[in-house]
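Pasting the structures in now, so scroll down.
Two complexes come next, and they have one chain in common, chain A, joined by chain B in the first and chain C in the second.
Let's turn to the complex of A and B:
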C-alpha cells in the first residue's frame, strides 16, 4: 500500500513538473542587453550552416541594436509556411528560389521593393538572372543568399580509357552521345559503365528542355510542353533507355550507392560524366579526392551553337515572412548579407559562387572549387534557365517526373500515351487548368499584370 | 499405447519445430531494417552509403553515438540537442500517458458500467471517430489551436490526450465489461459512491488494461512526428522524433551513419520499455478482447 502511495505521489509530481517545464521551455527570456532579437530560420545544416552562422556572428558584432538568432530548420519550405499561417513566423527565412512564387502567391512574405529601394539595392548589383528569381509578378519578394549553377562534370581517366581526349571533353549533345557509346561496357546483361546517364541522379527531369532551347511555358499563362524543342529534348533523354533497354539501365542504376557516398555513380567510375552543380566539388573532395575530374558547360545540340553554355541556375533566398515581428530589423540583416564582403564570405564558406555582379579577385583565387569561375560565368549566360515561376511548380515538376518515367519505359503508359509527345501532352493537359486557376485568382486579387510586364 | 503417444509427441515436436522455423524466418524479415539501422549506426560515413549494405561494418565506429549525441550542440548554447529533445519528449509523454489513462478510464467506465439514455448511440459515434484519419483533421485543428494561441507550445500535443480517444475507450470498455457486476453491487451496498467503485474496485482490477493504454499512448507520443512537425516551432521545443530530422541534410546530403545512431538512441527506450512491460502488455491485450 505504501508502495502504491509512493508511485501515486511520484506520478503527480511528474505531471506537475511536466506541465511547468513544458511552459518554461516555450517561454523565451528576453536578452539582457535589450537588443531586438531577429529570429532567422535557415534550411542548411552542416558546413553550409556554419558559413551562414559566421556571417550572422559578424553582423551581431558589427552593431549593438539587433541580435540575429540563427536556427537551422529542416523541411523549411513547409515549416515556414505553417508558422506564417500560424501567425508566429520567424523574422527571416532562408528558402529556395522556387519558393518565391509559392510564398508570394499565398501572401506569406512581404514585398521588399520599398525597403530595397531605400537601401539602394538595385537589380544591376546582381547577376540579373539571380535577381529575377527573387521577383514574382513584377514585385521583389526576396534577396539572394548563395546561388548555384550546373555544368557537365567529367572523369578524365574514364574518358582517356575510352579513347577520348580528356583535354577536349564533349561540346555538343552528339559528342556526348558518342562518348557514351565509347565508354559503354556490358558484361552479359549487366551494364558496367556508361558515358552519360540522364536519369542519374534525376534531380532535374525538366531541365533537358532548356538544353535544347525549349521553354516549359510562355512565362505568363500558357504551358508549352509539346514544342518541337521539348519533344526533341525528352526524346534524347529517353534514347538511352531505348538504346540499352529499360530494365538493363534500371538495374545498372539500382546498383549505385546514395548520392553522398563513395558509391555515387560518378565518383565510383560507373558513369564518365554527370550534370551536377557547383557543390559537386565538395562531395568529390570528401568521398573520392583521388578522382581526376573536370567541369565544362553542358553540351548543346550540334546544329544550334547559339545554345552553348546552358546551365540550370538556382538560388538560396532570404525572405521576410508576413507577420514577422521585426521586419525592418530583419531587412537590416538581409541588407548586410548583400554586401560584397559578407556575400563572398558566405559563398566561399558554402563553396558556391556569388550572385553579385562584382566579385573580388581573392574570392576566385581562394575559392575551394577549382572551377568556380566557370560556374560564375555560366550563371550570366543568356542560355541559363531556372524553374518556371509559378506556385504550381512543385506539382508540375512531379508531373514531368512521371512523364519521364513513361518516356523511359519505367511506368507503363496508358493507352496511346506511350509517345514522347503524348506523355508531354498529358502533363500539359493536367497542369494548364491548374495554372488557369492560379491566374484567375491573381486577376481577382489584382496582382496579375498585363502581358509583357512579367519577368520569367 | 506408449508407442502411439511417443509418435504423437514426435509429430507435435515436428510441427512445433516447423512453426518455430517459419516464425524465425518471418522475424528475420522484420529484424532486417532494425539490424541495418544498428549496423549503419556503427559504420563510417563511407561504408554507410555503400551498396550492398554491410551488416557487420568494418571498422566499427562507436564514436558515431557521441557525435550524434552532440550534433549541432553549438546551436543550443552548448547543450546537446538530443538531451533537449529527450527532455521535451519526456514532458509530452508524461502528460499524454497521464491524460490518456485518466480520461479514457473515466469515459470507458461510463460506457461499460453505467446506464444512461443514448449510451450505446454515443458509443457508436465515439467508435466512428476512429474512421477519421488525422490528416483530415489537420487543418481545422491547426486553425483552432492557432486561435487558442497554442502554436509553438506543447499544448496541442498533450491536452487532446486528456479528452480520451476512441481506441483506448474501446479497449478499456471491453475490459471493464468482463469484471463481474456483483462486485460493484456489493460495494454499493457497503455505501460506496460511483466514484468510489470506479477508483477503489474497478481501477485496481484493470491494471493490465491500463498498462496497455499507458504503453500505447507512450509509444504514440514518443514516435509521433507529424503533430510536433505541425505545432512546434523552435528547436528548443522539438521532440526526439522531430529532432531526428536535423540529421537530414538538403540536396541529397545527410550523414546517414549519424542519423541511424540517433535513431537507435531514440528507439532504444521504447524497446526497453516493451521488454519490461511485455507480461502486463500481453495480459492486457488477452483480457480486453483485442486478441484474434
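Let's turn to the complex of A and C:
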C-alpha cells in the first residue's frame, strides 16, 4: 500500500502543477486601459534586447492608444514563419536582413510600400544600401532596425612584435598576406600565431568574392560562381591552408574558444587581424579590455585600388507578418523606430551604427565604439556588398561553406586552381536549377518582374 | 456489436493513447505521404506535382551522400554498441562486491542529455587540446607499444564519422539494462547441468547465456537499427552543416534542412517516407532472419 500512496502523492503534485502551468499559459495580462496590444517578437536577448525594450517603453509612454508587448524569442527565423503559417503571427517581428527574400517569396509578410508612402518614409532617408536590403522584386517588405558593417580589426601589439608598423595596418590583400607570414609562428607541428585566418570566424565564407570584386549572381536570375574574380578570391582564401597545411591550420583553429569568450582567437592574441563587425568593440571591451586594437577597411587587391573600402553590410529588420491582427498599429510602432532620436537610442544601445542618412553629432561623439565613424562611412561605400536577395540563400550559403571546406581540404596537394574551380562549379550546378525553380514559381505568382521593370 | 463492460472499460483506458497516436503519428504520417507528392512551402497551399520530388531525390548528390553516411554509421555503430552492451551486461551480472554500484555507474552516461554530451565529446576529440590526442601523445612519449598517429578527429573527413561511431558506445546504458534483465531470466538449472558436465565459463556463455538471451538481443538490435538511422542531435551540434565536406551530413539532418531551412516540405516529406521504408524493410528482414535463430523459452 505504500506504493499506492506514493503514486497518489505524485499524481496530486502533477495535478497542482497542471493547474498552475495551465493558468500561466492561458492567462493574458489584461489591459484595463483599452489600449490595442501589439505583440512584437525580437531575436535578440541580452543587452541588445534591453536597448530595444527601452525604445519600446518610450513608444508606449509617448501615446495612449497602442501598447507594444515586447518578447525576446530565440530562433525567430523559423518560429515567426511557423506562427505565420499557423495563423497566429506576432504583429511585428524583428528578423535578419537575408530573411526578406525568403519571407516575401513565401508570402509570410505584408508589403509596406503604401504604409511607408503614407508615413512619408523615403529611400533617401536611409543609407540606400540598407534600405535596399528591405526590398525584394521591387517591393518594400521591411524597415531597418540596427545595421552592421565589417572591417579589419588588428592587434597593434602583435603587429609591432612582428615588426609591422601598427600605425600603418595592411591596406592591400598582398600586405595582409605578407603580415600573416611575418606574424606566423610554429612550434613543432603546432601553430602558435597567425597574422590572418580566413576561416575565423567563418561566418561569411561567401564574402571573399566581394573583396575581390566578384559577384555571386547577376542580381536576378543567373548565378555566377565561377567568374575569374571568384576563383581568385577563393584561391586566396585557400592559400592559407596551402601554405601551412590543411590539418595543421585545422588543429590550430580547433584550439580557439568560442566567439563570445576570452579564448576568442583575436582577443587571445592568436590571430593578429580578423574580419569582424561593428559589434566586435563591445566584446573586446567585455573579454579583453587591455587589448590594444584598431580597425580599418578590409584590404583590397593591390592591382585594383577601386575595390578599396569593401565591407559586408547586414541589417536587422522589422516586418509585419501576414495575418497580423493589428498591422496599422504595428506599422505605427515601426515608424516610431525610424525616427532619428529613437533609432540613435536603439543603435547606440546595441553598440552599432545607424542606418539613417542623417546622424547627429552626439551619436558619434557618445558612441561606445571608438571606430563607429569608420563603420558608418563604410556602409555607404560603393564597394559595400550584402547577401544575394533570394529565398534560396540559406541553402546557397551552406553550399558555399561546404565548397570552402572542399577547397581547404584539397588545395594543399595540387598546383593549379582545379579544386577551387571544381568546388565553385559544384555550387553553381546545384543552385542554378533551384534559382530557376524559384523564378518559375515567381512568374506563376506574378511577383517576378519582367524585362524592363525594377530588378531586385 | 455489443461490448462487455470490461471491453468498454479497456477501450476507454486505451482511448488517450489512441487519440495521441492518431493525432500525433497517424495523421502526420499520412499527411507527409500526401505532401511528398506536392510542392509545399508551408505558407502557400500545396501544389500537386506527382513524383517530381522522388525523381529529384534520385538525382540529388547530397541525398545519396547523406544516405551513404547514415548507412556507414549504422553498419558500424549497431554491432559495436551491441557487443559493448552485451559485454557490459555479462560483466555486471557476475557476483562481485559493489555490484549495484557498478551497475549504476555504467548506466550513468545514458542519463547525460544529448546536447551537453555532444559538446563534451567535441572537447575530448579536439585536434589540438583534446584529451584523446593528449593520451596518444603520452603513449607515444613513453614508447610503450608503437607510435600511434594523432588523427585530426573532427577536421579530417575520413575520421569525423568514426567519432560518432565511437560515441555510440557511450550511450549503451539502456540496452545494457535490458540485457541485464534478460540475463536474470536464464534458468539456473541449465548452468548447474553444464557444471556437472564440466563446461568452461566461455562455453557456458556461448552455449547457454547467449542463446537464452537471443530474444532480447533481437529486440535491442532492431531498436538500435531504428535509432542509428535517425541520428541527428550529436552530429547537428558537433558538425554544423555536416563539416568537413559533408562527411558527417546525415539523412535526418538533410530532412531537417530541407524542411526548415529551405521551407521545402514536399521534398522533406518524400525523404521522410524513403527513410521510413528503409527502416521498415531493414526491420522486417532483421526480424525474419533472427526469428529463425532466436530461442523462445515457451517453445
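For the reader, a short list of remarks on this structure follows.
Methods note: the second predicted complex is superposed on the first by the 416 of 456 C-alpha atoms of A that agree within 3 Å, B and C clash if a C-alpha of one lies under 4 Å from a C-alpha of the other, contacts with A are read in each partner's own complex, and residues count from 1 in each chain.
Keep this in mind: a contact is a pair of C-beta atoms (placed from the backbone, for glycine too) under 8 Å apart; a residue touches a chain by one contact, two chains touch by 3 or more.
Predicted, not measured: the structure shown is a model, and the values here were computed from it.
When both complexes are superposed on chain A, chain B and chain C end up clashing with one another.
Using the contact criterion defined above for the overlaid structures, shared-chain residue A:46 touches chain B, although it does not reach chain C. When the two complexes are overlaid on their common chain A, residue A:279 makes contact with chain B while staying clear of chain C. In the superposition on chain A, contact of A:305 is made with neither chain B nor chain C.
When the two complexes are overlaid on their common chain A, residue A:255 makes contact with chain B and with chain C alike. When the shared chain is aligned, chain B comes close enough to touch A:73, but chain C does not.
In the superposition on chain A, A:370 contacts neither chain B nor chain C. When the two complexes are superposed, the chain touching more residues of chain A, out of chain B and chain C, is B.
Contact with chain C, but none with chain B, is seen for A:395 once the two complexes are overlaid on the shared chain. In the superposition on chain A, contact is made by A:82 with both chain B and chain C.
Once the two complexes are overlaid on the shared chain, A:228 sits clear of chain B and of chain C alike. In the three-chain superposition model, chain A touches both chain B and chain C at residues 78, 82, 85, 255. Interface of chain A with chain C (complex): residues 78, 81-82, 84-85, 102, 106-108, 190, 246-247, 250-252, 254-255, 322, 391-392, 394-395, 398, 401-402, 405-406, 409, 430, 441. Across the interface of their complex, chain A is touched by residues 39, 41-44, 61-62, 126-130, 152, 154-157, 241-246, 257, 260-263 of chain C.
Residues 45-46, 48-51, 72, 74-75, 87-88, 90-92, 94-95, 98, 142, 146, 151-155, 158, 229-230, 233-237, 245-256 of chain B are the ones that touch chain A when the two sit in their complex.
Against chain B, in their complex, chain A makes its touches with residues 11, 14-15, 17-19, 21-23, 25-26, 39, 43-46, 48, 53, 70-75, 78-79, 82-83, 85-88, 201, 203, 255-263, 277, 279, 283, 287.
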